[in-house]
Every structure is written in structure tokens, then in C-alpha cells.
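Following are the structures in question.
Shared chain: chain A. Partners: chain B in the first complex, chain C in the second.
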Partner chain A sequence: MPFLVQFFQRAPSQRPLSVCFTLICLILLTCILLSLLIGAGSVNISQSWQALIGQGTEEATFIIRELRFPRTLVALVVGMALGIAGALMQAVARNPLAEPGLLGVSAGASFAVAIALLLGASAATLAAGVAQIGALIGCFFVMAAARLQGQFKDPVRLILAGAALSSLLTALTSILLMYDQRAADEIRFWVTGSVAGRALDHLMAVMPYFVIAALLTLYVARPLASMALGEKVALGLGHNPRTIRYLVMLSVALLAGSATAIAGPIMFVGLVVPFAARALVGPDIRRTMIMCLPIGPLMIISADILTRIIAQPTEMPLGVLTAIIGAPVLMMIVRAKRLPTLA
Partner chain B sequence: MSELSQAPLGTETITLKHADHTIIKDLSVTFPKGKVTAIVGPNGCGKSTLLNGLSRVHRPSSGHIILESKDIHTMPAKEVAKKLALLPQETSAPDGITVRELIRFGRHPHQSFLKQWGMDDRTAIEFALKAANLEDLGERLLDTLSGGQRQRAWIAMSVAQETPLLLLDEPTSALDLGHQIEVFELIRALSSQGKTIVMVVHDLAMAARYSDYLIAMKSGEIIAQGTPKEVIQPSILEELYGIQCDLLDDPSTGTPILINVRRSGAPVTAKTSAASKKAKCDMAFS
Partner chain C sequence: MSVFDSTSRSYVPAPTGHWLVAIAGYSVLIDKRAIQRNALLSVALLAISVLSLGMGTLSLAPYDVLLALLGKGDSMTQFVINELRLNRLLAGIFTGAAFSVAGCLMQTVARNRLATPGIIGIDNAAMAFAVASVVGVGVSFAPSAMALTGAATATALAFMIGGGSGTRGYRFIVAGLAIGSVSAAVSQLLLTQVHIDVANEAYPWTVGSLSGRPEEQIPVMGLITLIGVLSGLVLCYRFQLMAFSDSVITALGHTPNRLRFAAVVIAIVLTGFAVALAGPVGLVALVGPEMARAFARHKGLPLLSSAICGAIVMVLADLAGRTLFSPIEIPVGVITAIVGGPFLLWILIRKPKRSTL
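Moving on to the complex of A and B:
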């Protein structure tokens, strides 16, 4: 215990990364286990446990292997992607409120998917590339808005512009999907997001995009860290700030687009996760991103577990729950007297 | 051109514009090797624009910036960063960064995706800490330092960059007198180790005292250049700032001191001479 006290007395930027990382990973592992054990249906925890150690009923084994396992895996990947996308976007926009969900990148991806569905694509064969294109267009809007932000020096303006875009796209998506005469479930999925009922095929389809995004992120991490010292300094250190910005936005589009393609638009994860990561390990972008890897899945998986418990025997949409967690965090950041600088 | 091939840094008829407004037109200048050069001049004379041009922040609309006889804009950014370090006027670092972490950024041009961190990086950082007299402050948070210490930490970052050239934009603009001297003495020490230093300095007295070479600019043009003694002449100061003054030699350093400073055309009365006494103090000690 004295060790923990001493640990939290240190400035976040001075805490050893390995300790923080291990700690969060342990919590995440517990959550993953819970996610396999807890469900909204009739299979209870002890039946699930039996199935997990290979002695369960056929029904329980099926539910865990075919429903809860893919669902947890999807949540894991989506959490990592959205957490990293949020951290990248905040660093490049120099705004602790920037988030792909709030700023319309995810909404752009869903909107693109809705158009594709309306034009006759079927949800099963839909190429993940469509969502990427929508996310990329959303990113361009954000960059244009971020440029305006430079003139006003007000982080909240960017969020206002993004929220307006996001609401508009979400409304348009709903309208388009209503024309499509499909089940309400599918409409809800592309408007609020969910990790339920996703097969491993969906995940495999977007994996290549995640791999490209991961390589891009590794490449830009160092130059991006130097941009926190100001663009002139980054330039003086031999980096090209403009190229870095474009690469980062491309990476955000790939991450948020792919995450949306498998889980629908999930808001606030990209806001809350880097915020928590910075509170733990300080503002260095490399440290923040490493912590986002376990914190992102932790948030989505624990929220997903709650969706199964709260409205039993049915489930609550995941996007609704992340908003319930995320909105107060947003208020808290905005209400803080001094916005934490990322510059 | 023969001059340029010897000087590590210079410009060939560069024109620098802000939007459509021409700040500097067809300017050619070279900076002497191994010396401290100070660029001085009134507000808006283009001295910061020139420095931004030299450091690639601002791309000239015509002309060339020559770094070791090559056009700087044809060189890879990383190669430039190994030869030329830059400290902008306004710097800001993330909360919670330590002095050592800041200095580590100076190693970026020497690192790459594959070569992340090596022995030479470690040596360079220890050297930079020592050069800036920050050995005891390496683990301190940057926010907790005094203004002078903080500025020395930023300069140490550029020392870790191990470049023969260092550009500084008003390195002491936000510092009080003691801290200004602290920073200028570090700059002198770096120069004595062989660095070529070019800095924009607002304060003429400080520029005269701590530089080997002065370049005086007005309206985007160079009015005079040479040793501080050659440049600080009543006629040149009148042209630069619209002031009249008398000069004395500083008894200890021999650098010129301005006294009896007054606006051009103002008659010398008892009152203005009293006011000019105060102005003298302001000039010398602000």
C-alpha cells in the first residue's frame, strides 16, 4: 500500500509506464473474463464458468464461443482503435476535446455506409472501405475546422463545429436508413453503435486497415511528440509538420473508419480514454498512446458488460452507455478553469 | 559568392512576403563563422522575418538561403536539422515535462525509426546539460524552473542537436536583467566552443555587449553591419530609431553605451536631459 501511495504522489509524467500499463492490463483481463461470464440471457455466471473450463452445457458453450467471445474480441480491437484515434486527433488538433466520435468522423463513416446500403449494397458484403472514405471526409472537415480554431484560439469552437456536423450526419443517416425499409435494429446499429452480434468475419475484414494504421502511428509517434513543443521547434528538429498532420489524420480516418465499420459510431471513447491516460502517465503522446491500448478496450468492454446488465433481459445500445459515461467527462474538462494544454 | 562559400549561412537576394505584403526585398547577407551575430532594428523592421526565413519557417518567394554552399530548400529537412538549430521566440512545452526530457528532443535529427536511442544520444544529452549548467536540474519539471533556467533548458535542447549553427529569436525577450545575462553568457560560452550563432535581439545595449557582429535593419533593409563599435554610431542610430544620443565606452567591457538619448529634433533642455538620463537607464538596463 505505501508503494501505491508513493506511486500516485508522483507527477503523472514521472510515473513508470510499465507499472501503469501492467496495472490497467490486469484490470482489463478481469473485465474480459467478466465479459465472457456475464450475459443478458438465461445462461448465468456459474453455467458460463463451467462452459469456460470445458464442462458446460452445449447451450452455454455455444453462447460463449459464438456470441460472447467474438463480441469481446471486437470490443477489444474497437477500444484500442478509438482510444488511439482520440489521442492522435487531440495531439494534432492541439485540443483536449477533439474526438473522432464528437467531431463527425464516425458519423461520416456511418453516413457513407448508409448511402452504400441505400444504393443496394447488402450489410453482409459491404466493403469496409466505404466507411473509411466517409471517415476520411469527416477528417477533412475537422482539419478545416481546426484551421479556423487557430484563428480563435478557443478549443470549444472546434467541438461546436464538430458536434453540428456530427448531428447533421447522424440525422441524415437515420433518414436514409428509414427509406431502406430494413429492421429497426440495423438502423439503430448505424446510429448508436454496438459490438453485439458481430462475427469474426467482420473483424477480419477491417484488420488490414488496422495494421496499416498501426504502422502509420508507429511512424508518426516521434515527430508528433515534437509537435507538442510547437511547429517551429518540430521544423527545427527536422520534421515536416504538414506531412505529419496529414499522416496522423489518415491514421485517424483508418482507425475510426474501421472501428465504425465493425461497431457503428461509438461516441466519447476517443475523448475519455486519452483523458484517463494523460491523468495516469502525463501528456507525452507516446506514453499516452501506449496507455490507450489497454484503457480503450477497458472502457468499451466494461460499458458493454453494463449494457447487458442494466436493461435485462434485453440490452441497452452501447453507444448510449458510452455517452452516459463520456458526457460528464466532457463537461468536466470544459468546466476546468484552465484547459489542460497539449501545446 | 566567394564570401558565401566560406560563411556557413547566408542569403542570396531573398524576398520574403507575408501574404502580398513584402517584408524583405532582395536581401543578401552572410553571417561570419564562429561569431555571435545580433540582428537589431526597430519593431517591424523585418528582423524576425529574416530569422524565420533562415530557419525555413518562412519560405522566400525568390532568392536562395545558402547553408554550407547548398540551397537550404533543396536539402532534406533532417540534414538541415543536423547543421542548423532553431529556438523560436515563443516556446511552450507540455505540462509535466522534465528538463532532461526536453533536451532529449534535440536528438531527433540524429535518430530514425530504426535507430531510436544510442550511446551517442546519451553523451550528447549529458554534454548539453553540462554546457547549460543544468546538471542538477535534469530531473526537475520545466514549469518549476525560473525563466532564465527554463530558457537555458531550451538552449540546451538545441545544444544536444549538435549543430554548428544556432539561430535564436529574441532569446531574452521575457526575462528580467539577471536572467538575460545568464542566457547571454551561455550564448557566449557556446560561441567560444566554435558555434556560429545568429540571434535577433531587441535590446541594443545587450546586443552590443554580447555579440561580435551587429546587423542593423530597418524596413527590411540592412542599414549597417560590422562590429558593435562600427554600427553603434549616432548617425546610424538616428536613422534606425529616430533618436539622437551621445556615446560613451563602457569602462569595463569597452562596448558603446548610449547616453543623453532624445527624440530627433527635440531641443536639448534641462527637462529633456533629465528625461534622457532616465531613458539612458532604460536603454542600458531594460
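Moving on to the complex of A and C:
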């Protein structure tokens, strides 16, 4: 494969985006296929294949259509949302460690969902709006805390602030849950993060938010790229950094909030995916975000497949697996010679 | 009051505000203010303890509590105090002191006051190992030994990955954060793999709780805390040298790495046993030493005041958890998170006055 060797010898920012994108998409397609074929239950791969080409038993067809297909679709959407949210957040905080999950966005969403459950919503009809508001508050709170001190660029302080906020919100959530056994039962399966057992209705309910967030993201991509050159440059090019920052935060809250509402808090995806994307195509935020589109789902779907294989015949929570994958990446970023600032 | 060994030494006046105690060639300076403040703190701890013993579903006046503690009063009160509440109080005092001293020592070693065992993941790792032992065997097969192993593993990993505690304190902390979140994930994973009843039973413990702790572990915890605090106090004068650079420590005749090792070992042992008993109530390790520093205001390392402050925080948090939302009991770990989270934020936001420690 001399072509590939030559390709990877280039500097990341010189690699043609289309080639990278196609490569990752091919891998993603394979993973989607595998995700439809592999399961923790009794239906094995060949039976699944038969069902997939329309000649399988009734049971296998049912499992594929009603269980694995929605699950894969949810993983696809959630992966895209979390990956993009991570990339946006890192660009606006200029901090490679800024990740919605680490910064208390997921904890904010969980807290809001717990309140909603306590007030009588059931997980099935759960309004994604509540989670988004929680995510937004969590998001702004951490950014405000970090700005107050002018420590916006201090990578570690920001995530410590996030950790502090997360522990506070998690504690409040658990108090709420102690008041209500029903809410506790409903949220227990939600809180470790999973894409299993989510119906397509849930996905459809939050789709509009994803569309809005996507439009917002398209709008802020260029200004964000100019902000990477410094706020003064962005001002000179006719963008208002403050407005852009708020728009980005809104978009992050929509994406991370909706994703959390469907799949529960899944940590570290927003850290690993943009990190991988930057390693592939360099630091330009537009190129990074385009690459996050296939890499995000790739990570979640492959992690989801693993959760089915590892603890057979039961499944392992997805959030646990992403934490186990993500934490070493966090360490890797921190162990790099100097903490890279996304200037 | 100065005791001088006049035969071997010439007269050296003690610095103001200190007593010089010299016996057989060894001498220590005792800070008068430290004694005074620690006495005050101890009195406060005693008062809070008596109050805490009196509060609950059966409300008792402090006088009755004291009577019951002395073995007098009616048998009902005696039973409630001595059999039910005293154990819990003692567990709170011992674990609070242990967490807080461990926090103070780790802060000193890392020269960073954010580097408490809770934040660098030692608590969570100890918890994960302890949960593994409970879940794996079905009976609690020495969770404290497992917790200790977990604490040691996490610390070793954090040091290894962080590349030492030295000047890159922050790197050390982030490594610890990562270790902590992996450990928390592993604990969760273990809990999802067992029967729901076992998981429910272990749940309060995994967030940190003093309720229904095994009685026979409490004296052991007391002993460990006592040994930890005493050895910390004995080495206190050397530990406070760690605020200087390594070359200064070496010039003063100590080995920096050996000092660090001793401090970390004490911290690990204290944290491991405390987690095995009360779960990961790590934020006490952040709040306790900070309170001690604010209140004690004496020179050097406020180890003893940290221990007392940690105990006070733990007892107060447990009291709040028992009484505020009754009849529901909030685990002490949740209360400390609600207090400690904003506190950590405040530390991060506040302008640093002088040093990081």
C-alpha cells in the first residue's frame, strides 16, 4: 500500500480531507454492519446475515429490525453530536481537555432530567428540552467560573472546575433520587449511559434540535477558525468573538443535551473524537469537525459492539467502556511534552 | 515554661511564642498558638460530638448524653447512645481525621493544595478494589486490605503517569483525575454485574456513608488513625521542609524522596482504611486542611489541626445528612460533595494570594 504510506507521511494539515473522510467512512460502514450482525443474545452472526438479506427466521428479523437497527442509528446520531460538541467546546475554550462530559454538561443534563422525573415525567416521554436547559446551565457555569479568574486558557483549572461542578450536581441528583424510588429506578438504567433500548421515537423527538445545532455549527465554523488566530484577528475580520462564543455554547448545549437525553451521560467521547480528528487532519477547526462526523459514530458504535461481546450473555454499560477508553487518551494528552494550547 | 538541658547546651532563648522543650540532646519548639488553637478545636469537636449524639429520631439533651456515656441514666437512652450512635460518631471522627491528614500530606508532597487523595483518584480506586472484594466473594473479604491495595496502585500510577509530583503538579492531578474516573467506571461496572439487592446494599457505601458500618472495624480504624496521625506529627518538622526546593532539603540533611515516600505511605494507609470503612468521602481531605490553615494560622504544617477539622467536618456532615431531610437519610458523601464542590470551585476561582500551597 505505497499510497497509504505516502499519505501518512504527510503532515496532518497537508493530508487531503476527502481521502481521510472516505477512509474513516469505510471503516464506519463496516462497523455499522458488524453492529447489526453481532449481539449478546442467541442470534448468531450467520442467522443475522440471513435476516439482513431477507431470508432469516422471524426471531432474527425481529431482533435486527426492532433492537439492533434503532440502537445503531441512535449510536450514529449520538456519536456525531458528541464528537462535534467536543470539537466546538475545545475550539472555543482553546483547550484540548475541554469536553462536555468532563465540564459538567452531562451532569447538568442528568440533574435536569432527575428533576423532570421527580416532577412526574416518565423516561419514555422525557422532554429533551429539560436536559438541554440543564446542559446549557452546566456549560455556562463552568465557562463563567473559568473566565472569572482569567484562567480560560489554563487547561487543567478548567477541567478541575468541571469536576467540582460535576460532583456537586451528581450529589444533588442523588438527593433528588432518594426522595423518589420510582425516579431512582428509571434513572438507574439511564445514568450509566447506553444506546440500547432506545426507541426511534426518542431519536425523532430530539432530531429538530440536532438540525438547529447543525445549522448553528455551519454558521460559526468560519468565525471559529478565525478566532483560532486570536480574538483581535477575529475582530479585524468582522466577527464578534463574544457573539460567536455564545452561539457555540448554545450549539454545544443543544448537541450534548440532546445526546445525553437519549443515551445518558457518555463521558470522554467529546475528548477522544476531536483528538483523533486533529491527529488525522491537523488543527483547522473546519477540517476537524468534518472528520468528527464519521469518527464520533465510529467510536460509539465500536464501543457499543464491545459492550455486547465483553460481558456475554449480559451487556456492559456503554458509559463505562468509553470512560475506560477515554481516560488513557486524557493521560496521553496531558503527558505530551507540553500541554498543547489550541492557538 | 521551658525545660532546658543545661549540661550539654548553652542557653538559647526560645523564639517568641514558642516553648523550647529539650530532653537528652533532642529538642523541639512548640508553638504556643498551635497548642491554643488545637485545644479550641478539640473543645469544638467535643461539643459537636455531644450535640450529634443527642440529635436524631430520639432527641436527647446534652446532659442526658453525657450521663449515658458515663453509664448512667435510663437503659433506653444508654442503648441508643452507646450501642447505636456512638459507633457511628466514632467512625465519623476517625475517618474524617484520616482523610484530612492524608489530604494535608498529599498537598505537601505535590506542593499543590488541589492534590488531595479524592481528586487524584485514590479514593475511587480504593473503592473500586473494595467493591471488587465485596462483589467477588459475596462476603466482605477484607475490603480494607483490598482498598489499601487500590489506594497504593492508584498513587503509584498517578506518580508514574504524572512523571513525579515535582514541578508539574498539574500533570499529576490530571493523571489522577483520569485514574479516578476509570476507577469509578469500574466500580459501576462491578455493581451492574451483581444481583440488584447486593448492588442496592453497597450503593450508599460507594458514595460514602457512615450508616451501619461493621462494628468490629471501628476500633481498627481508630488505631490506624492514631498511628497515622502520630507518625505524621513525629515527622511533621521534616515534612514541612517539603515546601522548599529539593536542594534546600538536601542541604538541610534530609533525602527529599525519602520524605515524600514516608508522607505518601502514611496518606495511602489512612485513605485506604478510611475508604474501606466509610466509602470515598474524599472532599473532606480538601476542606479539612483548608479549614485548619484558615483557623490555626500557625507556622508550619497544620497536621493536628487538620485531623481535628476533618473530624469536625465529617461529624457535622453526617449530622446534617441524618437530620436535615429526615426521615430520609442522605449519605455523608453526598453532603460533603454539596459542600466541597462549591468550595473547590471557590479555590479555583479565587485569586491565588501567594504560593500554591
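Just so it is clear, the second predicted complex is superposed on the first by the 324 of 343 C-alpha atoms of A that agree within 3 Å, B and C clash if a C-alpha of one lies under 4 Å from a C-alpha of the other, contacts with A are read in each partner's own complex, and residues count from 1 in each chain.
We adopt the following convention: contacts are C-beta pairs under 8 Å (C-beta built on N, C-alpha and C of every residue); 3 or more make two chains touch, one makes a residue touch a chain.
On a predicted model such as this, the values are computed, not experimentally measured, just so you know.
Visitor: Mind checking chain B and chain C on superposed chain A, clash or fit?
Guide: Aligned on chain A, chain C fits beside chain B.
Visitor: Could you read off the angle at the CA centre of chain A, spanning the centres of chain B and chain C, to the nearest 10°?
Guide: Superposed on A, the angle at chain A reads 90 degrees.
Visitor: If we overlay the two complexes on their shared chain A, which of chain B and chain C does A:207 touch? Say first, second, both or neither.
Guide: It touches nothing on chain B or chain C.
Visitor: Answer with first, second, both or neither: which of chain B and chain C does A:97 touch in the superposed model?
Guide: In the superposition, A:97 contacts chain C only.
Visitor: Where does A:45 make contact in the superposed view: on chain B (first), on chain C (second), on both, or on neither?
Guide: A:45 contacts neither chain B nor chain C.
Visitor: Pick one for A:239: touches chain B only (first), chain C only (second), both, or neither.
Guide: In the superposed model, A:239 contacts chain B only, not chain C.
Visitor: Look at A:334 in the shared chain and tell me whether it touches chain B only, chain C only, both, or neither; answer first, second, both or neither.
Guide: In the superposed model, A:334 contacts chain C only, not chain B.
Visitor: Does chain B (first) or chain C (second) touch A:279, or do both, or does neither?
Guide: Touch status of A:279: no partner.
Visitor: Should A:12 be classified as contacting the first partner (chain B), the second (chain C), both, or neither?
Guide: Once the two structures are laid over each other on A, A:12 reaches chain B alone.
Visitor: Pick one for A:156: touches chain B only (first), chain C only (second), both, or neither.
Guide: Only chain C is touched by A:156; chain B is not.
Visitor: Closest pair of CA atoms, one in chain B and one in chain C, after superposing: how far apart in Å?
Guide: Chain B and chain C, overlaid via chain A, are at closest 17 Å apart by C-alpha.
Visitor: Going by the contact rule at the top, pick out the chain A residues touching chain B in the complex.
Guide: Interface residues on the chain A side: 11-14, 218-219, 222-223, 225-226, 228-230, 232-233, 235-240, 282-284, 340-343.
Visitor: Report the residues of chain B in contact with chain A in the complex, numbered from low to high.
Guide: 55-57, 77-82, 84-88, 90-98, 101-102, 105-106, 108-109, 111, 113, 141, 158, 161
Visitor: Could you list, by residue number, the parts of chain A that touch chain C in their complex?
Guide: 97, 145, 148-149, 151, 156-157, 159-161, 163-165, 167-172, 174-175, 178-179, 192, 267-268, 311, 314, 316-317, 319-320, 323-324, 327-328, 330-331, 334-335
Visitor: What does chain C use to touch chain A in their complex?
Guide: The contact residues of chain C facing chain A are 114, 119, 161, 163, 170-171, 173-175, 177-179, 181-182, 184-186, 188-189, 192-193, 207, 283, 325, 328, 330-331, 333-335, 337-338, 340-342, 344-345, 348-351.
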